[in-house]
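Okay, so chain A shows up in both of these, paired with chain B first and chain C after.
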Partner chain A sequence: MDSRSYRDPALMSALTTCLQDWEKPVSIMEVCGSHTMAIGRWGIRKLLPSSIRLLSGPGCPVCVTPMSMIDQLAGLKDVTIATFGDLIRVPGERISLEKARAQGLDVQIIYSPLEALKIARKRKTILAGIGFETTIPGIAQTVLEAERQGISDFYVYPAFKLIPPALKALLKINNSIDGFILPGHVSVIIGARAYRFLPRDFGRGGVITGFEPVDIMLAISRLLKQLKNGDCKIENEYSRVVNERGNNKAQDIIYKVFQPERALWRGLGWLENSGLGFKPAYERFDARLVFSLPPLEDYIKSGCRCPDVLRGVIIPSECPLFGSNCNPAHPLGSCMVSSEGSCAAYFKYERNSNEC
Partner chain B sequence: MSAEIITLGHGSGTGLTRKLILEIFQPLFAMPSLEDAAQVGERTIITTDSYVVKPLFFPGSDIGELAVNGTVNDLAMKGARPAFLMISMIIEEGLPMATLKKIAGSIASAARKADVKVVAGDTKVVEKGRGDGIYITSSGIGYLPCDLELSTRLIRKGDMILINGTIGDHAIAVINARNDFGLTPAPQSDCAPLHEIVSNLLPDKDIHFLRDATRGGIAAIMNEVYAETGLGIILEEERIPVRREIEAVCEMLGLDPLYLANEGKMTVFCQNNDEHILRKMRKHPLGRAAAIIGEVTDSVKGVYLRTLMGGLRPCPMIESDPLPRIC
Partner chain C sequence: MCLAIPGKLVKKEGEIGTVDFGGIAKDIALNFVPEAKPGDWLIVHTGFALNIISEKDARETIALIREAYG
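For the complex of A and B:
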């Protein structure tokens, strides 16, 4: 199929028609923040009958990062913070990196982790290590590159997260999800087999899919077919880039530098083996050790229902603060500012009117 | 909660900038409008703009050309023929003399092309580390060829919205140059003076309002029009010209072309009778890819995009610069 066909209005309209007579209420979770954004961007929610409820999951890396990490980074002195743009406006308890930058902290927005290495040649630099399996190989490769080039002033704050442990934890908390739209980019790295536990241990099916409107509609219709036939399994709609085993080379690089560790997820709490920290051989790159930073803490501002949004218990507009006390200019939680955040997606795409 | 301070977002030309102007400048200066150019006396238009782009040189243009064309375009959007410029430079100690000469050369050549004279200026030098090489402020004076009003007040329900070509080129050219993405061929800035294409269109009583789509992109213009007129706007995704390569970079970085800066694009709000304005635009080299991209309507409140799928999605004013995403 030509890549443009994934946006073909005629195909979309045919798929939409097929879904219209679905009656039984179902809840489908799109795990990945980029899917949430794509669903908003293409207006897919409005194309579905009211029986099909789409819920956003914990797959926005910024949203599941405890806000105390921002305060820790913002409180450092004589060091450059290199970060992807998403993180810059996320509120900590005290301050955002954007405001810290306005007060003199050197904060550099990077597009590739290798840019952080360039900066580290000139001055002490901490890369905010946020992201899932998609982002981690690039950062691991950057650490290897720092070692190879003998750059001593480069550090990473590892706050990485892994998707499969989060799905397991989520299903233990929230039993009401009937099926999953599984991440596209993450699956390129970890492969379709990483989700086998979903049907096996939890009796839930999932479809790995891409980010075009036709991809998403196909994933929904395949999930509904599974539910109708009582045959839950993992299907791969995104076979043009995702295979069964994933990208072995990327996995090797990740686990050369990092090893699984207990990680704190905003809204989900501490989960065993759900994050990645440095292996002993690379500990000298660990900003937490070098700068003696304490373990992260999770706190949620009063009234903020980000945890329920991240667990798929409510949709963003059901939070009493949504759009009023919490908006992109004055976010109370990171879900409202991250470019993958579900509250940001709802605020941008799904409000009835945009008077502001 | 820390006390309010200025952040980079306040200079983004989007919601936060508007808030600064509305809450601080407009009341204190008792300004009649929020526009970046003003009519003073009979047929005289003045404007001013500062240029802080980084890097100073990027594919398709540089800070010197930008400083001329940006100010020329602000005058042209009022219907004025640009006549004179004043250029002030704040130069950082250590800037190579050759760089300054190159920038001055580009100012001179852009001024010639735009048929304006640089008649006055100022030069200051600040200590090393207190500037990004060079900042330029250019102020301009232009004259209306006849009695002419272009204002959001004239916009009516049913007006068509036109653009003279592709969007997003300038922003992506600068982002690519700034971050060394190494895209080949490198995207080129669309930096260009729009006074000539405007003077081909004017006077025309059907044209109600012109605005160049700089920071904040076409989305910012549409939201300003909505804020000032209360009339809704529907843009048609299918009709908005975006180069394939620019679209691809935007998808990779999580950016929306509607919100990206341009330096040679303008939107035209005009009465919808026939397509004579579109035809005139297409005759000019800077309007070859001109298109009708939307309509002013009272069927919606706010600014919406009709997506390729046929759904309407809101395009609200964003508060600050769009940010690239992690994955």
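For the complex of A and C:
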């Protein structure tokens, strides 16, 4: 598919011109790590007038994973930890998985959860179950495969997170957010209708959009138009990929294996029904039960302002440790580790910009 | 971490498909898109196809944007 039209310089400049006259201060939040990266990469902030503030919310799965989960996994013995690459460098309170590996723990980086199943055929394996609605169906399907193939030594540590409950919690903590750029690939699964509560219950609008520069500029321009007209609603600019209902088949598979439970979000605390745990019929796959792991605790390194970054209260460059004591080579918080973390994206793309 | 990438389904055997990502072919699970057929564009994440992409929608969206802003 040709995506060049979504990078068309003429279209970008037309969209940029349209936004220049905006005077009233507004805060727009994106809740997707890939949008965070795209905004940095395409230099979107520099194209906007100073009245439009772009904030990054809790949209990076690694950034909202409690550090105590890392410590728990890193402290296990005689088991292989299978994880997506983003998690491995995240510091726990004590240790990262990368350091635990150097000390002898078998840690394997996987691209697909199905690879963890292959490893589990030979060795007792725990899959670090992090991710949003985009990643969860694949892991649910992998559990069904483990059952079908009779693989008994495969376990998942369910630390999944759901976006709609997080948006609700966020608006209760920080009501200065005027509108949302909604995630593209989470929405493929849950559909545009999953956000109807935003205008209905909170009077906020949102635009689901893609990852090209035109997509992002268009989402901003549509949100501003909604604000101007006092007509907040959910719009889907990414209809080439996202539909109204989402993928029902994938949703059925998720809820065959998992059920909602309260979840601990790093920096946001425990949020009701914002995560997924195993249904009783699949509990034998739950690493927390099988390995008797205690409930997670929230722990933030002293001075790290990640909770405020994730809530959209500050932007990364407003953290006193940003760039000095905390940088990608020596990260203090996971927002500086994952390439999708807002602190890391700021460090890479916007450090020298006056705009941020 | 939620980034999904588009690829074209070239072959299908049961619930596994061969998907071409600009010259690199990979086996992808089709459990969530049982209706996909060779020639369809899929959006793929961690080895699973999440949905079928509409090329028509992409073209229509761009035409509408051009009309409004171009």
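Methods note: the second predicted complex is superposed on the first by the 350 of 356 C-alpha atoms of A that agree within 3 Å, B and C clash if a C-alpha of one lies under 4 Å from a C-alpha of the other, contacts with A are read in each partner's own complex, and residues count from 1 in each chain.
One rule holds for everything that comes next: a contact is a pair of C-beta atoms (placed from the backbone, for glycine too) under 8 Å apart; a residue touches a chain by one contact, two chains touch by 3 or more.
Computed from a predicted structure; not experimentally measured.
> By the touch definition at the top of the document, which applies to A:Arg7: first (chain B), second (chain C), both, or neither?
first
> One more residue to check, A:Ile95. First (chain B), second (chain C), both or neither?
In the superposition, A:Ile95 touches chain B alone.
> Just chain B (first), just chain C (second), both, or neither: which does A:Ile189 touch?
Second partner only, chain C.
> If we overlay the two complexes on their shared chain A, which of chain B and chain C does A:Ser56 touch? Say first, second, both or neither.
Touch partners of A:Ser56: none, neither chain B nor chain C.
> Which of the two partners, first being chain B and second being chain C, lies in contact with A:Thr209: first, second, both, or neither?
neither
> Check whether A:Tyr349 is in contact with chain B, with chain C, with both or with neither, and answer first, second, both or neither.
A:Tyr349 sits against chain B, while chain C stays out of touch.
> Does chain B (first) or chain C (second) touch A:Gln72, or do both, or does neither?
Neither chain B nor chain C is touched by A:Gln72.
> Once the structures are superposed on A, label A:Ser34 by its partner contacts, choosing first (chain B), second (chain C), both or neither.
In the superposed model, A:Ser34 contacts both chain B and chain C.
> For A:Thr80, select first, second, both or neither according to whether it touches chain B, chain C, the two together, or no partner.
After superposition on chain A, A:Thr80 lies in contact with neither partner.
> Just to be sure I follow: which residues of chain A are touched by chain B in one complex and then by chain C in the other one?
34, 61-62, 84, 86, 111-112, 115, 130-132, 134-135, 185, 338, 340
> Considering the complex alone, what residue numbers of chain C touch chain A?
1-4, 6, 29, 31-34, 41, 43, 45-48, 50-51, 53-55, 57-58, 61-62, 65-66, 69-70
> State the interface residues of chain A toward chain B in the complex, per the touch definition above.
7, 9, 12-13, 34, 37, 40-44, 46-47, 61-62, 84-89, 94-95, 98-99, 101-103, 109-112, 115, 130-132, 134-135, 185, 213, 328-329, 338-340, 347-351, 353-356
> Please name which positions on chain B make contact with chain A in the complex.
2, 5-9, 15-16, 179-181, 253-254, 300-303, 307-320, 322-327
> Which of the residues in chain A come into contact with chain C in the complex?
Where chain A meets chain C, its residues are 1, 5-6, 10-11, 14-15, 18, 32-34, 60-62, 84, 86, 111-115, 130-132, 134-135, 137-138, 141, 183, 185-186, 188-189, 211, 214, 218, 221, 237, 239-243, 247, 249-250, 253, 338, 340.
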